[in-house]
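Paired with chain B in one complex and with chain C in the other, chain A is shared by the two complexes that follow.
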Partner chain A sequence: MTGRPLRYRASQFAVELTVAVAIAIVLFPFVFILATSLKPPHQVAEPGVWWFEASFANWAAVLLHSDVPANILNSLIVSLATVAIALLVGCPAAYSFSRFKAGGPARFTILSASMMPPVILILPLFLVFYHLGLLDTLAGVVVAHLTLVMPVVTWFLIGFFDDVPRELEEQAMIDGCTQFQAFVRVILPTVRPGLAGAGVFGFVLSWNDLFYALILTGGESRTLPVAIAGFWTFRGIDMGKMAVAILLAVVPVLIVSFFIQKHLIRGLGGGAIKS
Partner chain B sequence: MHLRFRLILPLAAVLAAIMVYPLAFSGWISVHDYRLDRIDDVAFEGIGNYAFILTNPPFWNALTNTVVFVFGAVSIELALGLGLALLLRRMVHLPNTARAILLAPMFITPIAVGLMFRFLLNSEFGVIPHYLAALGIEVDWFGPDLALFSLILIDVWQWTPFMVLMFLAGLEALPKAPFEAARVDGASSWLTFRHLTLPMLRSVILVALIIRALDAFKVFEYVYAITRGGPGDSTETILFYIYKTGFRFFRLGEAASMAFVLVAVVLVLVIALYVAMRRRPGQAP
Partner chain C sequence: MSGARLKTLHKSFGHQEILKGIDLTIEPGSFTVLLGPSGCGKSTTLRILAGLETQTSGEVWIGHRDVSALEPRERDVAMVFQNYALYPNMTIARNMGFGLKARKTPAAEIRTRVTEAARMLGITELLGRYPRQLSGGQQQRVAIGRAIVRQPNLFLFDEPLSNLDAKLRVEMRTELLRLHRDLAATTIYVTHDQEEAMTMADRIVVMNAGQIEQIGRPDEIYFAPVSLMVAGFVGSPAMNLIDGRISTGAVETAIGRLEAKADAPAGCGIVLGIRPDDLFFPDSLEAVDQALVLDCHVEFIELLGARGIVTLRNGDTRLRGVFEERYLGRFAEGEQVRLALSRHRLHVFDRSSGRRLALAHAAPA
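Take a look at the complex of A and B:
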C-alpha cells in the first residue's frame, strides 16, 4: 500500500532535483561574473576566493571613466530605431499575409528571409555603405539590423494576426469602417501583446548582434557587443571591467525577456505551433 | 491598387533594397576577383572563385568543423531540451520560476556568453579548471583536442533553452485524451513516451531541429571571443573563415562565393522545413 506513493514521491524528488541541477548550471556563470565584477582588482584572477571585501572600483571605472556608457547609448539608439522601423513596415504586411491568404509562398519568403545568413549580405552592404559614407555610422548598423529583425518581426506578427477572428473586422466594416480603418482601429489594439512581444524580440536581436556591428562600426559608433569583445584582446584583459560590461549587456535583456516568454512561444512558431 | 498589396508594398520595397539588391550584388562579387585593397581593378572570374574554394583545404576544414559543431550541438540540445521540457511539466514547486530561469541563456548576447566561458574555463585562472584540479582532473578546455567540443558545450548552455521553449509549446498543444487512455490501460511512462509523446511531437521536433541547425551554422561569436579559429585551425568555422577571408585578407570575391555555397546548404534545409510543414496541413505544424 505504501509502496506506490513512496515510489511516486521518490520520482517526484528526482524530477525536482534534476531541474534544480539544471538551474544551478544556468545560474553559475552569472553568479560568478557578478562576484568577479565586485572583486577588488588584485583578487580577480583568484577563482577560489569567494569571500572578499566587495569593491565597486570596477563598476565606477566602467560607468564613469570608460566609453561603455556611450556604447550603451549607441546600442539603445540602434535597437530602438531598428525595432520602430521593423514594426511600422512589418505590421501592415503581416496583417495582409494573414488576411488575404497571399498564403504559403509569402510566408515562405518571409521565413527564408529571416534565415538568410548575415555573411552573404555583409559584403555588399559594406561596399555600399563605403560608397555612401555610412561606414562607422549608426544609420548603417540600423540598415544592417533591419535585414535581421524585419523578417523575424513580420513572421512573428503573422501568427498573432492569424489568431484574431475575422468577425472582428467584418463587424467594424458593417459599422462603416473601411478595411484599412478596421485594421488600424480594431485589429491593431487586439494584437497589442503580439506587437509588444515582437518588438521586444526584435530589440533583443539587434541589441545582441555582434557580427554586423563589428564590421560596420568603429571608434565612436561602436555598439555594446563590439565594445565587450574589445575587452579581451591580444594586448591583455581586464576581467573585472569586462564582467561589469557583460552584466550591463545581459541584465536589461534578461529582465525584459521574462515578460515576453509567453508570447515568444506563440510568435516563434509563427503559425507552426498552435497552442 | 488592392489594399492587400498596398499593405505589403513598404515591406517589399525595403526588403528589395536591403536584401534582394545586396544578394544580387553579392552574386556579382562572387564571380569577380574582387579585392578590398584593389577596388578599382576588378576582373571577371566566372566560376573561378567557386572552383578555387571547392578545392581549397581550409574551406573544407572550416565546413567540416562547422558540420561537426552543428551536429554535436544540436543533437545534445535536442536530447537535453526534450528531457528538461518533460521534467518541467512534472514540476510541482515553482514551475514558472524554474522555466523562466532555464530559458534565460537564449536571450543573452553570444559574445558575452563566449567571454564568460573563456573566463570560466581558462586554464590559468578559470574557476572550473580550478575546482577540477582540486579533484585531480586536469583538462585543457581550449587545447587542440577539446576546443571544438568546448565550443559545442557553450552552445549547448546557451541554446538548449530554445529547445525547451519549443517542446514546452509542443507538449502544451498535445491532446489529452490519448494520454488518459494510456494511463487507464496502465501503460508505463516509457511506453507512453515512446509510442505517444514522441510520434505526436515529431513535427515540432523537426521544426526545432531545423531552426536550431540553421542558427548553429552561423556560429561566429564564440569563435571570435575565445579561439579565433585556433589552436591551429581546429575551431575555424565557416562564418569565421569567410569573415577572415573577406575582412582580414580583403578577398571579397572568394568570401562571397563561400557565402553562396553556405546559402545553398541552408536553402536545402529551409526547403526541407517547408516540405515538412506542408505535409500535414491543419495539424501542428
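Take a look at the complex of A and C:
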C-alpha cells in the first residue's frame, strides 16, 4: 500500500466535508422555516423545539383561508409583466448600445436609476401615481419595478450583444434580410442564453421586492412580499403562516433557477464565454 | 454573370481618409484579387461593394445597375468572411439555405440547391450538424457553400483562408479555383498573402494606403512592378533594393555601374531592384544579356528543399539570391563567387516618387 491513494482519499473527504458544511449552512434557514410551518400553533413561537407533531394547520389556513393565493397571483402578474416589458424594451436598447455605440460613454448612466436608493424614487413615483390613479394597482407596481429591472436587464444584455460578431448580422443582411430581420432571425437566437439569464434575474428582482410594493399597494393589489410582511401585526408575528408564505415565495425562484441554471451562470459571467 | 465598377470611390472614417479615389473595373467572370499591406483599405473596398459600408463619395456599379445607394440585400452579392460567420443556431443545411429562404425561394428548390452545393464541396454528411460541431476547414467549406447556393452576381471573399493551417490553405486554394472555373462566377478576393494572389488571380489589384498602386496580371505585377511599393511587396524573398543615382549615360550603384540610360535627369536618386531569382552564374547567361558582373562573398545558405536562399555580400551591399538545387553546390559559405545580372531583369525606380523608370541599355560593345 502506498500512501498516495490514502492521501487522495483524505483530501477527497476534506472536500466533501467542506461542501457538506456549506450546504448545511445554506439550507439551515429553509429547514428551519419548513419546520416552523409544520409546527402546531402552540409551539410555533418556540424556535428551540425540534421535536413536534407535524401539523398542516398553517398550510391549510394560508392556502384555503387567506388572501395569500391572490397575493401570489398578483406577484406573478407583476413579475411576469415587468420582465416581459423589460426584455421587450431592454433587448433592442442593449443591441443599440452594443452595435451602434448609442449614447457613447453615457451608456454607463443607464444603471443610475437602479443604483439610486429606492427611497429617492418612491416619493415622486407616489405623487405621480396618485395623480394618475395608479396607486394600489398592479400597473403602478410594474412601472416602479421597471425603474429597477429594465436598466439591469439592459446592462446584462449589452455584454451578450458585444460578444456576437458583427459579421453575423452583416452576413444575414447580405443574405437578404433587413437590419431588423437580421436582428430577429439571427442575433436574437444567438443571445438566447442571455435573454434567459436576464429574464430570471429580472423576475427575481421584481418577485422579491418589498419596498415599492409595500408603499404603492394596499388592498387588492398586495403582492406576496407585502403579504408576508403583513403577518407581522401589532398583535404579534404569526410565525407559522408567515413561514408557509415564505416557502411559497421561494419555491418558484428555486424552480426557475434550477431549469436555467446553466444559462444563469453564463449570464452572470456577462456573456464572457463565447459559444 | 455580371461585372462590377467602382468610380472614384472615397471613404473617410471621421477625419481619416481611408480610400482616396478608387477606380476599378471588374470583368464578368474574372477572378480579381485585392492585394496590399494591412490597413490599406482592401476590406473597406469590399465592404462598400457589398453595401456594408457607405462610400463618402463615388459610385458602385454591379452589372448594369448603379447600386451605390442600395442595401446589401438588394445587391445580390455573396460574401465569405474571414471568421466564416455561420449562424450558430442553425444546422448547416439551414445555414446554406438561409439566403434563399430570405428571398422566398420554394422549399423544394432550396433543398435541391443546398444538396447540390454540399455535394460539390463534399460536405453532404455535415448538413444535419451545427457549426460548433465542425472543424475550421469544414466551417470554411460551409461558408463557401452558402455563397454558392445563392448563385449571386458577385462573390466577395475577405481573406477566407487565413484562419486555416498552411496545408489546408493550399488545398482550399485549388478547390476555390476549381469552383471558380466550374461556376465561372465573378469573384473579388481580398488577401494580404501574395502567394495566394499570385496563384489564384486573373488580375491583381495592388493597393497601398487607400489607393490603387497597380492593376495587372500576376506576371505583370511580378516582372514589371510599376512602383517601389509593388516591387517590395510582391515576391518572396523580397526583391533586393540597392540605392544609386543617375549619371550621364549610366546608372551608378553601390554594386557597380550599369551602362544604361534611364529616363530621368542626371543626379536623380534611384533604387535598383533585383529579384532573388534574377542572380545568375555568368556561364548560364548569354554575354549580350549580362548587364553587370558581381563578385560576391557567400555569407550563408538556407536550404528549402529543391531550392535554397543564399545570402551574399558585394562590398557593403547585402543581396539575397534564390537558386535551384543543382546550382547550390557551387556555393560554399565564406567563399567568393562570381554572379551576373541580366539586363532584362533589372528594375529601376525613382527614389523620391517611387515610380518605375524605363531603362534603355547601351548597345553591347
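Throughout what follows, the second predicted complex is superposed on the first by the 233 of 275 C-alpha atoms of A that agree within 3 Å, B and C clash if a C-alpha of one lies under 4 Å from a C-alpha of the other, contacts with A are read in each partner's own complex, and residues count from 1 in each chain.
Please note the rule applied: a contact is a pair of C-beta atoms (placed from the backbone, for glycine too) under 8 Å apart; a residue touches a chain by one contact, two chains touch by 3 or more.
Every value quoted in this text rests on a predicted model; they were computed, and no experiment measured them.
Undergrad: Is A:Val89 touching the first partner chain B, the second partner chain C, both, or neither of them?
TA: first
Undergrad: Kindly classify A:Tyr212 by the partners it touches after superposition: chain B alone (first), chain C alone (second), both, or neither?
TA: neither
Undergrad: Could you tell me if A:Arg192 is touching chain B, chain C, both of them or neither one (first, second, both, neither)?
TA: The answer is second: A:Arg192 touches chain C but not chain B.
Undergrad: If we overlay the two complexes on their shared chain A, which of chain B and chain C does A:Glu170 touch? Say first, second, both or neither.
TA: In the superposition, A:Glu170 touches chain C alone.
Undergrad: Contact-wise, after the overlay, does A:Gln181 reach chain B, chain C, both or neither (first, second, both, neither)?
TA: Once the two structures are laid over each other on A, A:Gln181 reaches chain C alone.
Undergrad: In the superposed arrangement, which partner chain does A:Phe129 touch: chain B (first), chain C (second), both, or neither?
TA: The answer is neither, since A:Phe129 touches no partner chain.
Undergrad: Quick check on the superposed pair: does A:Leu146 touch chain B, chain C, both, or neither? Answer first, second, both or neither.
TA: first
Undergrad: If you stack the two complexes on chain A, which partner ends up touching A:Trp155: first (chain B), second (chain C), both, or neither?
TA: Touch partners of A:Trp155: none, neither chain B nor chain C.
Undergrad: On chain A, which partner touches more residues: chain B or chain C?
TA: More residues of chain A are touched by B.
Undergrad: Common interface residues of chain A with chain B and chain C?
TA: 275
Undergrad: Would you pull the chain A residues touching chain B in the complex into a rising list?
TA: The touching residues are 12, 15-16, 18-19, 22-23, 25-27, 29, 32-33, 36, 45-48, 85, 88-90, 92-93, 95-97, 99-100, 102, 104, 106, 108, 111-113, 115-128, 143, 146-147, 150-151, 154, 179-180, 183, 204, 207-211, 214-215, 224-225, 228-229, 231-232, 239, 242-243, 246, 249-250, 253-254, 257-258, 261, 264-266, 268-269, 271-275.
Undergrad: Under the touch definition given earlier, write down the residues of chain B that touch chain A in their complex.
TA: 3-5, 7-8, 10-12, 14-15, 18-19, 21-23, 25-26, 29, 84, 87-88, 90-93, 98-105, 107-112, 115-120, 124-127, 130-131, 157, 165-166, 168-170, 172-173, 204, 207, 211, 214, 217-218, 220-221, 224-225, 239, 242-243, 246-247, 252, 255-256, 259-260, 262-263, 266-267, 270, 273-274, 277-278, 284-285
Undergrad: What part of chain A is in contact with chain C in the complex they form?
TA: Its residues touching chain C are 165, 167-168, 170-178, 181, 186, 189-190, 192, 275.
Undergrad: In the complex, go through chain C and note every residue touching chain A.
TA: Against chain A, the touching part of chain C is residues 50-52, 71-73, 75, 77-79, 81, 83, 85, 87-89, 98-99, 102-103, 132, 146, 150.
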